[in-house]
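The following pair of complexes shares a single chain, subunit A, combined with subunit B in the former and subunit C in the latter.
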Partner chain A sequence: MPDTHTRFGSSSGQPATRRDGLAKVTGAATFAADNRPEGMLHAVYVPAAIARGRVAHLDVERARAHPGVVRVMTPADHPALAGDPDDKPTRFSFRIEVLQDDTVRYAGQPIALVLAETIEAATEGARLLSPRYEAEAPRTGLDDNAPFDVEEPGFGAPGETVHGDPEAGHAAAIHAVEVTYETPPQYHNAMETHAVVAEWDGDRLTLDTPSQALAMSCAAYAHLFGIPAENVVLRSPYLGGGFGSKAIPSGPMVLAILAAQEAGRPVKLMLTRRQMFGPVGHRGATRQTLRLGCDADGRLTVIDHETLAATSSFEMFLESASNASQGLYAAGALRSAHQGVRLDVGTPGPMRAPGEASGSAALECAMDELAHAAGIDPLDFRLRNYAETEPGTGRPYSSKALRDCYDRGAEAFGWSGRPMAPATMRDPDGTRIGWGMGTAFFPSPMFAAEARATLRADGSAMVETAGADMGQGAWTALAQIAADGLGLPLDRVEFRSGVSTLPDGGVAGGSGHTATAGGALHAAGGDAIRRLGELAAEQPDSPLFGAGNAGFEAREGRVHVAGDAGRGDAFADILARAGMSELVGSGRASRPDADTRDYAMNSHGAVFAEVAVDPDLCQIRVRRLVGAFAAGRIINPRLAESQLMGGMIWGLSFALHEEARHDPRTGRIVNSDLAEYRVPVNADVQGLQVLTVHEDDTHVNALGIKGVGEIGITGSVGAIANAVWHATGRRVRRFPIRIEDLLAPA
Partner chain B sequence: MSLSITLTLNGTERRIALDDARVTLLDLLRERLDLTGTKKGCDRGQCGACTVLVDGRRTNSCLTLAATLDGARVTTIEGLARGDALHPVQQAFIDNDGFQCGYCTPGQIMSAVGLIAEGTAGDDPERIREGMSGNICRCAAYHGITLAVAQAARRMDNDPAGDAA
Partner chain C sequence: MKPFDFVRPATLDEALAAWRPGTAWLGGGTNLVDLMKTGAMAPDRVVDVTHLPGLDRVEVAADGGLRIGALVRNSDLARDADLLARAPMVAEALLSGASGQLRNAATVGGNLMQRTRCPYFMDPESACNRRDPGTGCDARDGAWDNAAILGHSPACIATNPSDFCVPLAALDAAVEVRGPDGAREIPLSGFHHLPGDTPAAQTELRPDELIVALRLPAGAADFAAHARYLKVRERTSYAFALASAAAALRMEGGRIAEARLALGSVAAKPWRVAEAESLMLGQAPDEALFARAAEAALSGAAPAGGNGWKIDLARRTAARALGLAAAGTPARMPALPASPFGPAEVPAHA
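Right after this comes the complex of A and B.
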């Protein structure tokens, strides 16, 4: 894409309400499990109740005898899968468990599947299988297995990075901290559990299933079933939340498709909430040790960040937490390293800000600890270590308005009134008050996407790409970008998305979907306008006649010569003269390698938190959470603000709520439901404020978009934890911070 | 076994033959009556995604056996708007961006309609947050949800006829 500034029209930047809003408030929006094709069977699978061992017995006869049950699939009796479940046909593929043997590798692994005429019969049939196991001692804690060195924690992240001389940095430090933070396993728990409705027609497969990566999912399913990718139609118009868990095909989905193939009837499978804790990914546990040093003026001499992170016994994906320490603070030396430990848990995967969330939590707390040790205000400490170029590499930032974020966030919060000493602020009723802050930081990657734009005879347009809306607002923001690319008002643009037969919309992940799919849509619009202009230039009756080499722009449904709005022609008139019912343009977007090489590209922000801690019960409440973020161009401020707030609440959840706990005897997760696995409810959330700082960024991509989906978590966790310390003087180094941590004697 | 019940469903009286005594109201709506607006988030009464009004009271339909509802009046998300005119709560959710993915939204909206009818929260944010805390939103659209409920409560206070509950 050319390194020029893209023109924006009247849609981008507007706080349009959601285009899918009407469907969503009336119940008309169709999520995967809302489909019920004729003749459909229901599938329910049995999750393993132990974490390690083998399935010794299943009472297949009893299950089969239950009225309504039509098929019981077990490791000993199931149809063959064409592809090897250990294969990795795409970049986002993991080994999956599809009854290939009777080994249990983690609690929650599918060990049998029941097909029945009704959901009730399938559920009861699955219960009647009453599995018995030969169990082995499960390994579910970070100390339960030997650590190993890691070259690639996951999806291309480096295992170890060193810049400068860390030992010299330690030696030069006047103030230093060495601290260890622990983060627990966390589960995405999108409100819509994973679901699929699978229907075969010969060797053609139609899937209704939520997907954050439609084309890649089709390729993976096609590989497993031995059919061409174009034989798979995947419909995913709405995802009921994704957060990273719906990008990677999972075993249960494959089993349901296999069952449908054998049965010759459509099959629906929807995970129960309890089943969301196992085969569909999670954020793995970490133990992070940070050794930080600074000189007498508070300038960092070293950030040394080591992470021990959990993965499954059979697959590799780690929270690459240490990498959060690269790229942010101007330390004299930087070291990030990872070790893994294999546990009897489901394979971890990308969960909203994978690596960065856990890493930022520990880093921002450690920074607070060092600031205190050096006697410097935490914000001032960060400003003293502000990086003007990327630390270690010296690459320029494509843009970085972090200083503005600090200023505006601090101002809105009233940070200057903060006393340095902890445990000094109290409400009149004795409630302890604390203020803390953290820096937010998230990379701005791009994937690759394609799009098509069709101008119609009536002057309206249709734009198409197989994008994914999991709540971030793709139906709306992408349409706004497309409208500007075509020079049309938003209401003149029909947007088709969410089905794999459309041009590949890329991946909704890494906070890169708006930039990538939006870039493709904008380019497709530009291509259509260029074609239309060239067509007009050949039409003697057009004001554009003979303007072929001038370059074209579009506004309000008219093409005009670039830089000369007076010389133009209406879309509809040009098409009518040519006798054309439509004109099609196409576009694609990805980031040129040179830009990736030459610039550091990140979103930044600053988060400030106020917590109140009950003096007797030690209940912790977040009273205020103020975030200021710089993320390039914001396409839709209403939606971006909602997403940033959602991320900040995920930060609150990380800091104070979420944790999956294993029973050490069985390895099962004991709190695998929404009552015991705590996520914030409405009453946990108050005093949220989001500010955005505009950045013009001509390097990150042609649209100048950085993305806002994940950055809200980073910074927020640390800000809240630091506020808890400031309120109480107690530094809790394991997440979530619990009442009992504060009640325990020091 | 045959069991049948009579429901007033979104204003229309319907006689429904149940094929199974185990059927919950949620699975009756979703898997048998093509009313899929009501969502399943946990099937255990822990998330509120399945909230409907039963005789005007907000109810977790996943915890309610259909067979126990003979004679009941059930309102689901599909029964809230009057033709093209959205219920004030629905409109308020759009206006205030009270959702992201929209999966919890039918439950949130039904819960809000119930809460407003209960008359205990008014437009007080703190009481709304408390009263809406049986409805989990993993996207965490809580800020917008609270604003939306307050807006709708004010509008309906001025125009009680808008109360479809």
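Right after this comes the complex of A and C.
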């Protein structure tokens, strides 16, 4: 089939506003927990107050006696799951905690669940269970358990990669640094906490629950409840943020579904903010040691990046931070290695730029340290180590406009005015000023997705794919792509998504959703147009009669012969002649293996930061953050810009704010609320500027889309930390950088 | 949460009569309700006092002082012209606290009575002498590093987190309360208790008493031209202080005729040291003098665990606040009130 539809029409590239924007700002958008089916019960679970040990006693009688309480589920008394929760029915399955036994493996683990007629009764019932524990000393710090070697830190990422001869690289180095950086546990904390409303009808299950991966979640639930996947209908029209935490079914969701099954009534469960710190994933802590060397000209002889990363005592997922050093700088030798440490914490999971965020933070700081040691400007240092092909493998990049990003970002920022020496820039009032930069780098994966496009008799269309819009605007960008695939204006295309009965839209993760679901939608549009054209080619009354072999294009609701806009026919006329009320096309998208093998595919960028540090009080404020990014074709500049901004703000958060703190005795997180688990507020964010550099990339996928969701974090953390160093001369190697770190005598 | 009675009296007398053991007064609810949700507070009865008449006003008293009703919302008070004219640093402190939404809800009475932010206090699963006398203090050797550096005891290392109370203490404000035995006034400086052996006795207010107003003496206005509140925090806004200071100077002929200095977030009460204030009397303002005053204000400071850095930070904060006060109260409220990054100015009434 001739590839008729990689050309772009009028919708892609437009800054369309979010389709869901009005519904959200007016409160009309229905989130999962807004559902209230008839006869619904409320579920509240008891989170473990210790991190390691066992539950010795629960006062079930008292909880049951509380007015309104319907059922108390405990490890000793709950209905059985059909599927073993230790199984891995999908590629992204984790062992989950569903009251298997009375062992406590992390603070916040569900240890009992109360069902009641009201949320208040369920909450009080849960409190009345007054658990008693036999506690053991929890292990929550990276030194609390012995490290182990890792083959696969998670989701197929390699545990160790070596290119070239690192020892030779060290030996050849004229300048070298060996530095250790630490990153803390971080929690996603989407605004919408995890929630489910579960309703059974015989062996059919309907779920209202936010999901970043509808089909995969259905498969996982189906496995656990022993029903066919098509018996699960998952509705996820809106998500109040996901960031990776809503891709994988969690224990509390499964317990609520189980409770609904047993009770024979719909059940709602919504996590409290505090409950978000435990069973729904987080970014695990890391300790990263980087040994970097360069020659007299500042050319890297080696990047050797080792990571010790935390996982839970019962499952494997590590921040594969060291992998951030692969594929970016042209070092003579590259080594990335990981070790894990098992702690009494909930299983970490993918959190916005998993691995890359932590790894980039340490790498970009280490690069800055080596640049300083070598007496080279940090940007110049990176340019001297610019990789024209993928280091180690020699594969070409599918596209790489990083040099333009460096140039444009540096110019917009005014980088050339930066003094080399730290602690030399000051405001007239004495405020210390520092400038730092970092390279942004994120892979451009693609998953598999399917879509359907239906052309209707009135010339409009409906496109469908079970994708996920976490607030990033996916549905808007996807609708734009779909409209172009059909050659229709955006307002003639009805877009349906967010329910699992539609074609599988794949996973909204890895910054690959627009490329993947978009690719499927575009292909579905192309398929519909091809079918329509072939139909017209057989209609003697159609201008397209006999045009079957030429291939078709569509524009403004008309099909025409490829390359000949003059010879065409209107959608509606073709369907009318055929007496059809609609015509359906379908499409799939995934990346050909050959492209995956032959090309290195990444988004790139350069981030420049200016920070102000009070000279006595050491309070830190980011004054300017300029990021220039090359991420393939930008479908919607407005949404892409806000994704990149959001990523950069996340980087700011990583650099200066976020950290979950465990009580050393109980293992509980002491700052499990949004007052004390700090993220930046508006006043922390100023002077934010995003530039995008266009790339034509014919390898990454047919649409040339690379993804913008996560890359903004990378580069930004390092840029800010490097700016803090430049302002103060103090190198803080533990994130977040705090006032007390700068106060301490040098 | 635990079931409770809810009462909304229409008069002060009805409110007082509605009290019985286990009652909590409800103001804006921004602190009480949070604590009820975690289970740290579990009253049997909640008496909503926000509908009591006459307590939502700021009045100028005959002597020129201010009487601020207990129900005045924090954001209204921060923009009150009579307050801004007399005690701009009180407004600055208010505006540096919490968020716009919270300040819209929070009342004067509730702010005075807000509990410590010690996370072990807020978590009913933890041992806490302040919440449950005799259970111990999990904050010791815990993971909270914003604990007290002054006036703490083996029983409790909590701080009072209020920004508002810090300049109030500096300006000798007093709390007007009503109880079954009638009215009385409690000086703000003695309103909050240091923990000693009985940290649960958090304030001088008896449980059956209600705060009805706050009195700001007429003399506060003498400092209006040289009064600042400075707050160091881990983000630019919407964070409790790591250390804060209210500094006020009455200047005469280029010399300090009277000085006030109170520190916040360093102890279970706003911290004032007479010696620190008196050593500045008659002196010309300069950095060395302020450093000495700050030194004196921190005398006796001791870390409660790993928070020794707070001593240094509080000292620097005090010295800087004095310097800012000496430089003069800005004509308009800084865009970032009480922030070290607040030089840009916008109209206080914007």
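In the analysis below, the second predicted complex is superposed on the first by the 741 of 746 C-alpha atoms of A that agree within 3 Å, B and C clash if a C-alpha of one lies under 4 Å from a C-alpha of the other, contacts with A are read in each partner's own complex, and residues count from 1 in each chain.
Please note the rule applied: contacts are C-beta pairs under 8 Å (C-beta built on N, C-alpha and C of every residue); 3 or more make two chains touch, one makes a residue touch a chain.
All values reported here derive from a predicted model rather than from experimental measurement.
Asks: With the two structures laid over each other on chain A, which partner does A:120 touch: subunit B (first), subunit C (second), both, or neither?
Replies: After superposition on chain A, A:120 lies in contact with both partners, subunit B and subunit C.
Asks: Does subunit B (first) or subunit C (second) touch A:26, or do both, or does neither?
Replies: Only subunit B; A:26 stays clear of subunit C.
Asks: Return the chain, subunit B or subunit C, that is in touch with more residues of subunit A.
Replies: The partner that reaches more residues of subunit A in the superposed model: B.
Asks: Identify the partner contact of A:683: answer first if only subunit B is touched, second if only subunit C is, both if each is, neither if none is.
Replies: So A:683 meets both subunit B and subunit C here.
Asks: Which partner does A:239 reach: the first (subunit B), the second (subunit C), both, or neither?
Replies: first
Asks: Under the stated touch criterion, which partner chain does A:616 make contact with: subunit B (first), subunit C (second), both, or neither?
Replies: second
Asks: Which holds for A:743: it touches subunit B only (first), subunit C only (second), both, or neither?
Replies: second
Asks: State whether A:249 touches subunit B only (first), subunit C only (second), both chains, or neither.
Replies: In the superposed model, A:249 contacts neither subunit B nor subunit C.
Asks: Counting contacts the way the document defines them, which residues of subunit A are shared by the two interfaces, the one with subunit B and the one with subunit C?
Replies: 120, 124, 272, 675, 680-684
Asks: Which positions of subunit A touch subunit B when the two form their complex?
Replies: For this pair, the touching residues of subunit A are 17-18, 20-31, 33-34, 36, 118-121, 124, 189-193, 238-243, 270, 272-273, 469-473, 638-639, 641-643, 645-646, 649-650, 653, 673-675, 679-686, 688.
Asks: In the complex formed with subunit C, which residues of subunit A make contact?
Replies: By the definition above, subunit A touches subunit C via 49, 120, 123-124, 127, 272, 274, 429, 431, 612, 614, 616-619, 621, 656-657, 661-666, 668, 670-671, 675-676, 678, 680-684, 738-740, 743-744.
Asks: Can you list the residues on subunit B that touch subunit A in the complex?
Replies: Subunit B reaches subunit A through residues 19-20, 22-23, 27, 30-31, 34-44, 46-47, 49, 76-78, 80-81, 86, 90-91, 93-95, 97, 99-106, 109, 125-126, 128-130, 132-146.
Asks: Would you mind writing out the residues of subunit C in touch with subunit A in their complex?
Replies: 1-3, 37-39, 99, 117, 119-120, 123, 125-126, 138, 141-145, 232-240, 242, 309, 312-313, 316-317, 319-320, 336, 339-341, 343
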